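Presented below are the structures under discussion, each in the form of structure tokens.
In the two assemblies presented below, chain A is common to both, partnered first by chain B and then by chain C.
Take a look at the complex of A and B:
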């Protein structure tokens, strides 16, 4: 479990980013961390992985204080950043020198993932394209069997078949011990992979809910122009129609449109959260 | 798989199950693919396919043998027919009638089409 408690943080001489931020991440779930540019997503991920220290508050990862960066914790975390540099050596040498830091590293798993992504082991990392490098890091990260996997924009740079392979690999790698946090703007790529939606805005978590409760409480409509205003929680102009989020009254679980949900939460977090308030979901 | 309908993904996957059952791809007592296999196939979170399996189990269409997997119930086909019939009558038929009304199609107008399909006449 990952627990952030009363986190306060500011970059030097800037206004505070996090003021009393609280977040709990449970094993067995894929968390989608959504937020506009500059909302604080990467800073939050860095706190969880011990790369940034809070000014006050605690960040604990599997019982370890993240800022202590104990090897026992670090071997259980793998972070795939959005931007990265890889040395000019072969995949094989990279794996040989870096795999040893992870006691549960599986060479067999790695080979299976590399085969799936069509990456040759003798290729030099520096000669790979950005997308191929990214796929290599995803394969390596999953093969570490770290229980906490943090991915910043994992589908950026991936071609169309690779996105589908990525989803399949992620699904098969998830188990009840793993916590996966994916920060992304490419919500369409990952819509059906995420089971908890966390929205960060100006350093605050303004929405944090499970997909099951969202699909039960909200409905995402193609056109809300003729719907009673009291039912509509958010609407946006979409080429001649009004797409929107309404209260789900039909009793059927609705398909969640993450893009619409994100826009709605950014504009009307209070109204949407209020609709959930009187309601406890069991899962 | 592309998900299009306005229905929760776990229900859309349940509909795939229903199709396979109605087309007799799976028969009574057959083992159905696992929660994880289905998640990989549809590229969705395993917690989503778990909801599909729970839903189908609640409806009595599949049952769980501990440690072995899920199997199609003996009356899985009949139960699927019953569910899909109810869905057809309650959800699809009203839309069909509404379209008939909008387009000014009378029941008599349909007779020619129905008589071309003897299987719909109980013959």
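Take a look at the complex of A and C:
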């Protein structure tokens, strides 16, 4: 389990980024971390992976203090950043020199992921495109069998078939011990993949719900122009119609439109959270 | 593999670092060796007297020191590169192992490799100068003192490599100059405050002389040879532990 308690953090000479931030991530789920530019998503991921230390508060990963960066904890974390620079060596050499640090590293799994992503093992990393390098890092990260996989914009640079492959691989790789955190702006890429939606705004978690809960409590309508105002939690103009989030009175599972949900939460977090307040969902 | 210092993990990390930097290291070794070979051949051929050989040996030692400091300053480059630092810092290797590996490569391994290069170059220049009997005398006491001085002072550059982000060698040099100036200014100022405005014209007392002699001949050399490098490495360890992106 990953637990952030009362985190306060500010970059030097800047206003506070996190003030009393609390977040718990449970094993067995894929978390989608959403937020506008500068909301603090990457900083939050860096706190979890021990790359940034909070000014106060506690960040623990599987019982370890993240900032201590103990090898036993780091073996269980794999971070795929948005921007990276890989050494000019072959995939095979990279795996040989870096895979040894992860005691549960599986070469068979890696081969399967590389095959799925159509990456040749003997290729040189310097000859691969950005998207191919990213796919390699995703494959490597999954093969480490780290219990916490953190991905910052994993679908950036991936072509359309690769995005489908990515979703397929992620779903197959998840087990009840693993926590996957995916931070992205491209919310459409996460549809049918994430279990929990976490929205970060101005350094605070303003929304943190399970997708099944969202699907049962909210409905995402193509046009809410004719609906009673009391039922509409959020609406936005969209090419001559009014798309919006409404209360799911029927209680039937609705398809979650992550983009609409994100916009709604950013503009009316209080209203949407209030709708969930009296609701208890077991998962 | 859970403790702070694990020899197996340390060897994996050493192998990784050497593998990732082997091309750069080979280029540097071949370039330095090539330049020194040409310089040695020219000097030894045109000035075949023993002084030239000794001067060449001194040149090798200067290159050895300078090269070692630059190499040491670059040993944590991966940690300072914005797009590589995440990998270095999240690699399941402890700060102690990262430091130990860096020190091992830039100190004993470097001394051994460059020592061999000096041996080869000295032999080559003695051969070209037709003065092979001078060869053993090139490895006198001062040669080994230089090696010892490098082994101690190199630790300053390990600290510089952990503390500064980019241009580590130049920044470490600058920090050394500033530190030297500050110490000089402090001791000069202290001397002036104590003796500058007084009318005391007598020399220092015997007791003062004995104390000063003891400090300068016993305490300071002991601190320098035995405690300075470990202290620098300890500070470097904490710098590595505290390092964020």
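Heads up, the rule we're going with is that the second predicted complex is superposed on the first by the 283 of 283 C-alpha atoms of A that agree within 3 Å, B and C clash if a C-alpha of one lies under 4 Å from a C-alpha of the other, contacts with A are read in each partner's own complex, and residues count from 1 in each chain.
Just so we're on the same page, contacts are C-beta pairs under 8 Å (C-beta built on N, C-alpha and C of every residue); 3 or more make two chains touch, one makes a residue touch a chain.
Just so we're clear, the structure is a prediction, and the values are computed from it rather than from any experiment.
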Exercise. Kindly classify A:225 by the partners it touches after superposition: chain B alone (first), chain C alone (second), both, or neither?
Key: neither
Exercise. Using the superposition on chain A described above, determine whether A:192 touches chain B (first), chain C (second), both, or neither.
Key: first
Practice problem: Report for A:238: first if it touches chain B alone, second if chain C alone, otherwise both or neither. | Solution: neither
Exercise. Pick one for A:167: touches chain B only (first), chain C only (second), both, or neither.
Key: first
Quiz item: Between chain B (first) and chain C (second), which does A:270 come into contact with in this model arrangement: first, second, both, or neither?
Solution: neither
Quiz item: Now for A:115: first (chain B), second (chain C), both, or neither, which partner does it touch?
Solution: neither
Quiz item: Where on chain C is chain A touching in the complex?
Solution: 1-2, 4, 6, 9, 12-13, 15-16, 19-20, 81-87, 89-95, 97, 241-242, 244-245
Quiz item: Where on chain A is chain B touching in the complex?
Solution: 28-30, 164, 167-168, 171-172, 174, 192-195, 211-212, 215, 219-222, 252-256
Quiz prompt | chain C-touching residues of chain A, taken from the complex the two chains share | solution = 46, 49-53, 69-72, 74-75, 77-79, 81, 83-85, 87, 89, 93, 97-98, 100-103
Quiz item: Mind pulling up the chain B residues that touch chain A in the complex?
Solution: 3, 5-12, 36, 39-40, 42-48, 51
